[in-house]
Structures are given as C-alpha cells and as structure tokens.
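Shared between the two complexes below is chain A, which pairs with chain B and chain C, respectively.
Our next item is the complex of A and B:
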C-alpha cells in the first residue's frame, strides 16, 4: 500500500517537473495584458500543452493542464463515504477561502475535482521549482491523513456525546 | 492484431509489445482505430509481471518508449490498471528521463 502511494507521488513529481517549464508570455490578443493562458476559456491552442491525468484509483487523481506561462494542477481527494466527502468539502472550502495566503492556490476548484492550484511564471521566479513540487507532493500525502484523522475525531466525539445523552435515560 | 495474439500465446512478451507499439495511429482522426490499438496494447501490458518490466523497457527503442509513455497516460486517464501504469511510468522515466514526459505533453499527435 505504501509502495503504491510512493510510486503515485513519484509519478506526479516527475510529471510536474516536466510541466513546470514556464516563461513570461504577454497576452497575444489584448495589448499590454499578461494573463495565465491556461485559464482563458477557448484560448489559443498553440499555447496549450496536452492535459494529463495521473490516477491512483478511480477516486484519487491529479489533473495537470499546462501552457506556456501557467500550469493548473487539480486534485481529486479519495472520499470513501458520505462523512469523508462532507469533511473533505469543508476542509477544502476552508483552504480555498484563504487561498491568498497559499499564493498558488485557486479560489475555485476545477469542475470534478476538489482543489486546484494555479502556478504562473511569476511564482516560479520567486519560489524554487523543486520546493514548489515538494509542497504539492506533501499536500497530496498529508491530506489523506488529515481527513482520516478528522473522521476519527468526529466519530469519537459523536460516540462521547451520544453516550452522555443516553445516560439521562438509563440511570 | 493477430500477430500480437500469437506472440502472447508464445509468451514472448517483449516482441508482443514491440509489435503493438509499432506504427501507432497518430495521424488518423478516427476514434475507433485509436481505441482498437489501445485495447491491443493494454492486453499486452496487463500480462506483464513486475519482474519483467525492466527487461521489457530496456529492449524498446526511443520512439517506442515515447509511444509507450503516451499509452501509459491514456490508460491512466481512463483509470484502468493504475498501479501497473504507475510502475511502468517509473521504469520508463528511469530509462528515458523527464524528456519523454515533456514529449507527451507537447506532441500534437496524440495516440
């Protein structure tokens, strides 16, 4: 199990390494504007690379779309039951509301995915590329553990609350 | 296609892979041809065991390696046999380097 996770993370690592080759590219359509080409709807095809999906299972995948000056990385987190999907939804909402603090995070996830990162050439000029990739890999690694920990905490609290509540009827 | 089946029956997996990767349908716009080719390649890949992966990859030439990489990403997007695809991906990158991924990302002619 741990081995599969490691090869999944390695694959994401290498693919991000290949995709994160960005340079400044002012907009071709509008003068003096500089937009991330991957975000433009119906954008110029010559500026976009082939999007790629790396999947560990059907429910856990990473979607990487890259272009000449930007890359969008969308993550779908494993959610095995209703409780996990609610926890995941709330957690990602919490993160996305504070996306300015994360710099590279997108305020809205791409459809079909739980969370998205938008990395532009400007970010790569300030931040180290290998550190950025390490951050995303770490994120992928820890989010599963966080959600399981939250689920255990919720179940434990619910059990305590329920037993306290029932005590008034029993004794 | 028949050749690949024959080779598989003979348990000659290396040549089966080479034949299935040879002449991929990059130019055609027809989806059916691409799907059929993908099914053939997938059949071969599924029959490969872990230990054979390195030997298999070593025997392919650079063009076939790139084609194989394209197929790996295609199968991953359909989420079929993901763990096998991940292992193949790791072995391929060791042999061909990050460049093969870059070639998949940039090549207009998708398999």
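Our next item is the complex of A and C:
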C-alpha cells in the first residue's frame, strides 16, 4: 500500500523534473508578448510537448501538459463517496480563491480535474526547481490525509450534534 | 580551482554573457534590459559600465575579438552594436536596421567581425553588415524553410559565409550567407563544394526535439547540435549530405554547447552541471560531468541526544522528520545554465571555461585542476 504510493509519487517527481525544463520564450504570434504557451488555445503545436497522465487508480490521476515556457499540472483527487466529493470541492475552492498566495496555482482547474497548477519559466527563475517539485509531491501526499481527517471531523461533529439534540427527547 | 562570482542577484539571474578578446572584460545581462560590463583582474570582477538602450529583456550578447564591438539583441525586436569610444570612455550604440517583427533570441558575430546574425521569433534570421555611408548596420533576411522560432545560430569558425541555425521546428540547417558587398569575389562554400546564393540552405538535419544549441568544431569539420529530447547530434558535412551520429543520454537536456577541442565538446543545460563528451574510436560518447558532486560530509548525528536534537531542529526549520540529501543542491550552479564560453585567452590551449546561470552566478572552471581525467581527452 505504502509502496504503491511511493512509486506513484516517484514517477510524478521524475516526470515533473523532465517537464520543468523551461526557457524564456517570447511569443511568436504577438510582438512584445511573453505568454505561457500551454495556456494558449489553438496555439502553435510545435511548442507543446506530449501531455502525460500518471494514474494511480482510475479516480486518482495527475495530468501534466508541458510546453516550451510553461507547464500545467492538474490533479484529480480520490473521492470515494458524496461526502468526500463535497469536502474536496470546498477545499479546492478555498485554495483556488487564494491562488495568488500560492503563486503557481491556477484559479480554475482544468476540465475533469480538481485542482491545477501553472508553472512558468518566471517561477523557475525565482524559486528552486527541486523545492517546487517537492511542494507538488507533498500536496499529492497530504491531500488524501486532509480529506480523510475532514471527513472524520464532520462525522464526529454530526454525532455530537445529533446526541445533544436527542437528549431533549429522553427522560 | 573554480572561481564562483555572484554577479547578479539570485532573484534576477544572468541571461547571457560574453568576454572580450583577452578576457579582461566581461559583458552580462542580469535578465533585464540592461547590459553590465565588468573589469576582470586577478579573479576580481568590478562593474564599470551599465548600458541602457533596450526596452525589454536582452536575450543574447556577443563580443567580437577582431573589432572589439559588442552586439546585443533583445525581446523588443531591436539589436544594437556597441563601440567603445576611448576618448570619452563610454560605449556608444549604433543603430541596426533589423526588420524583424518579433523578438530576437540569439546573436552571433562571424569571426572576421564583418557581419552578425540575429535569430528571431518571426521565423527568420537577420544577417547584418555595416553600411559606412549612414553609420548603421543593414540586414538581409533568411526566411526560407523555417516553420517556427529560430532558437540559436553559429557561424562557421573559418568562413563567415556558412551559418548553422537551430529551430523550434526540430531541424538544424546550414545556410549560405554569402553577400557580394561584404565578401566581394571570395566565394567559399566550405565542405559543401558548390556555393549557393544568400539565404539558400545547404543542408537540413532533423532531431526529435527543439534544437536548443548549435556549435562548430574549431576546424569547422564537425557540426554539433543539441535537441530538447536529451540528445546531441554530431554531423560531418559532405556535398552529398551530412553523416550524423546521435548520442542520447539519460540526463536533462542541454541548452548550450562549446567545443574545447576537435574531439571534445562541453554541453550545459538544465542539470546545472556542464557535461563533457568526447570522440573515441567508438564514436562520440559521454565522458563526465565537470562538477563532480563530492559526498556531503554530514555531521554524524547517529547517537542519541545529538540525533534527537537534530530531528527536532529539522522539524522546526523544515517541517520534516529527517534531513534528506535531496534538499542540498550539490552543484555550483543552482539554476539552469544559460551561457557557456571559453574563459582562457584565445590562441592558447583552452584551460578555462565559464558558465553563467539563472541563479546570478558566473563560475570559471579551471579544467586542469578539476577531478576529471583530462589525459583521456585530447584538447
């Protein structure tokens, strides 16, 4: 169990290490522009690399789209029931609303995924690459624990509230 | 030993660098629109000029040893040629009529200093020569064949009429830059036999990734180019077509190449560590890294109290349970290498190379004192 997670995270680590070889690339479509090529719809195909999906199970995957100056990493978090689904949605919405604080986070997740990061060459010039990758790996590692912890907390609170409510009906 | 200089803030980084002819001055751009010129003596670097003419990031700089002129190109679609005015001790910019409508990415002088080439995002290369009547540099465009941004270029070391280019459409091409105004009647097609007109391609070689760097060997007999698919290709050029050997390696891609001998090439890139390839009887192969990562002597914290204290210290400082080796960057550079040049005086055997990176550092590597077995190489 622990080994499967470790090899999944190792795989994501190595793929990100290769994908994050970015360079400062000025736009070839608009003069004096410098925009992330991965975000341009219908952009130049030769500047995009083949996107990679690393899936731990059918419901837990990482989608890495890379280009010459930017990389988009999208994560689909494991959601086993409705309660986890709601918790995940609220949690990622909380994070994405504060995406400026996270610097590399995208305000909207890519279709079909729960959260997305957009890393450009400018980020790599200011931040250490290995620390950035560590951050994403740690995120993947702990998001499951966070959601489980929240679920337990919700259930515990519901139990406490229900027993307090029922006390008024008992003798 | 290696000389590490922090010439720009780590937040800025150095985007390109170039030395003057006798390696007493260095021009760098700290990843913005300024060009800084340093005086180098006894390993000390002192900033003497700051040149501010460009509007956007300076993407490449080249300093010609013959006419002592500096050429810079920038993302603002301009290039300038700087000439040193010794009477007033300042560098004066000269206008270059570049005619590109996208950013300039790379610029190189030909060895004789009569022309330079600017590659650009407008899928063309501008080859410029001096027009004395108006004191400016005019350009002729090479537009054929390019399907995407041209990333890098290099003139043949002996012959300013051959220009190798690397493009984001995965191909390396060699063009003719023969111009009657500059060359007159000396037509020289190098290894290709029959000469072609300006802008005509002599040959085209495909790689499996963007061609990040291109370099000629000192005699001009081998052309090397690096692809983004972690490969480096060596081509020997013949009139019928090139003979190419491709070397694929298991490290991150290279973004700069430099020949330090006929049979030895140094490549630097996203691994933060320059790599040496050499030519043996079995062909071109990877030889070694230049920055040998010495095992970090971690303080022995295996016994009781000291180990416990170290663990709590780590929890406080990094939120981790144990100090992992992966945290420490073991190479001299902490960011991708953007410039690779010869740092020892020209016309002498090459003993020093310099690398600049996006961490703002310039490192001068003294090859004979490093741990690599130089006797195996033929420099």
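Points worth noting:
In this text, the second predicted complex is superposed on the first by the 171 of 171 C-alpha atoms of A that agree within 3 Å, B and C clash if a C-alpha of one lies under 4 Å from a C-alpha of the other, contacts with A are read in each partner's own complex, and residues count from 1 in each chain.
Just so we're on the same page, a residue touches a chain if its C-beta (ideal position, glycine included) is under 8 Å from a C-beta of that chain, and two chains touch if they have at least 3 such contacts.
Treat the numbers as computed from the prediction; the structure is a model and nothing was measured.
In the superposition on chain A, contact of A:57 is made with chain B only, not with chain C.
Within the superposed three-chain model, A:66 lies in touch with chain B and out of touch with chain C [touch as defined at top].
Of the two partner chains, neither chain B nor chain C is touched by A:76. In the overlay built on the shared chain, the residue A:123 is in contact with neither chain B nor chain C. In the superposition on chain A, contact of A:106 is made with neither chain B nor chain C. Contacts of A:17 after superposition: both chain B and chain C are touched. In the superposition on chain A, contact of A:47 is made with chain C only, not with chain B. Of the two partner chains placed by the overlay, only chain C lies in contact with A:27; chain B stays clear of it.
With the contact threshold set out at the top, residues 17-18, 21 of chain A are in contact with chain B in one structure and with chain C in the other. Taken in their complex, chain A has these residues touching chain C: 17-18, 21, 23-28, 31-32, 34, 44, 46-47, 68, 124-126, 128-130, 134. Put simply, chain A touches chain B in their complex at residues 4, 7-8, 10-11, 14-15, 17-19, 21, 49-50, 52-58, 61, 66. Those residues of chain B whose C-beta lies close enough to touch chain A in the complex are 73, 76-77, 79, 82-83, 86-87, 89-90, 93, 98-99, 101-102, 104-107, 110. Within the complex formed with chain A, the residues of chain C that make contact are 11, 13, 15, 31, 56-57, 59, 75-77, 101-103, 105, 121-123, 147-149, 168-170, 210, 212, 228, 252-253, 255, 269-270, 326-327, 329, 334-336, 358.
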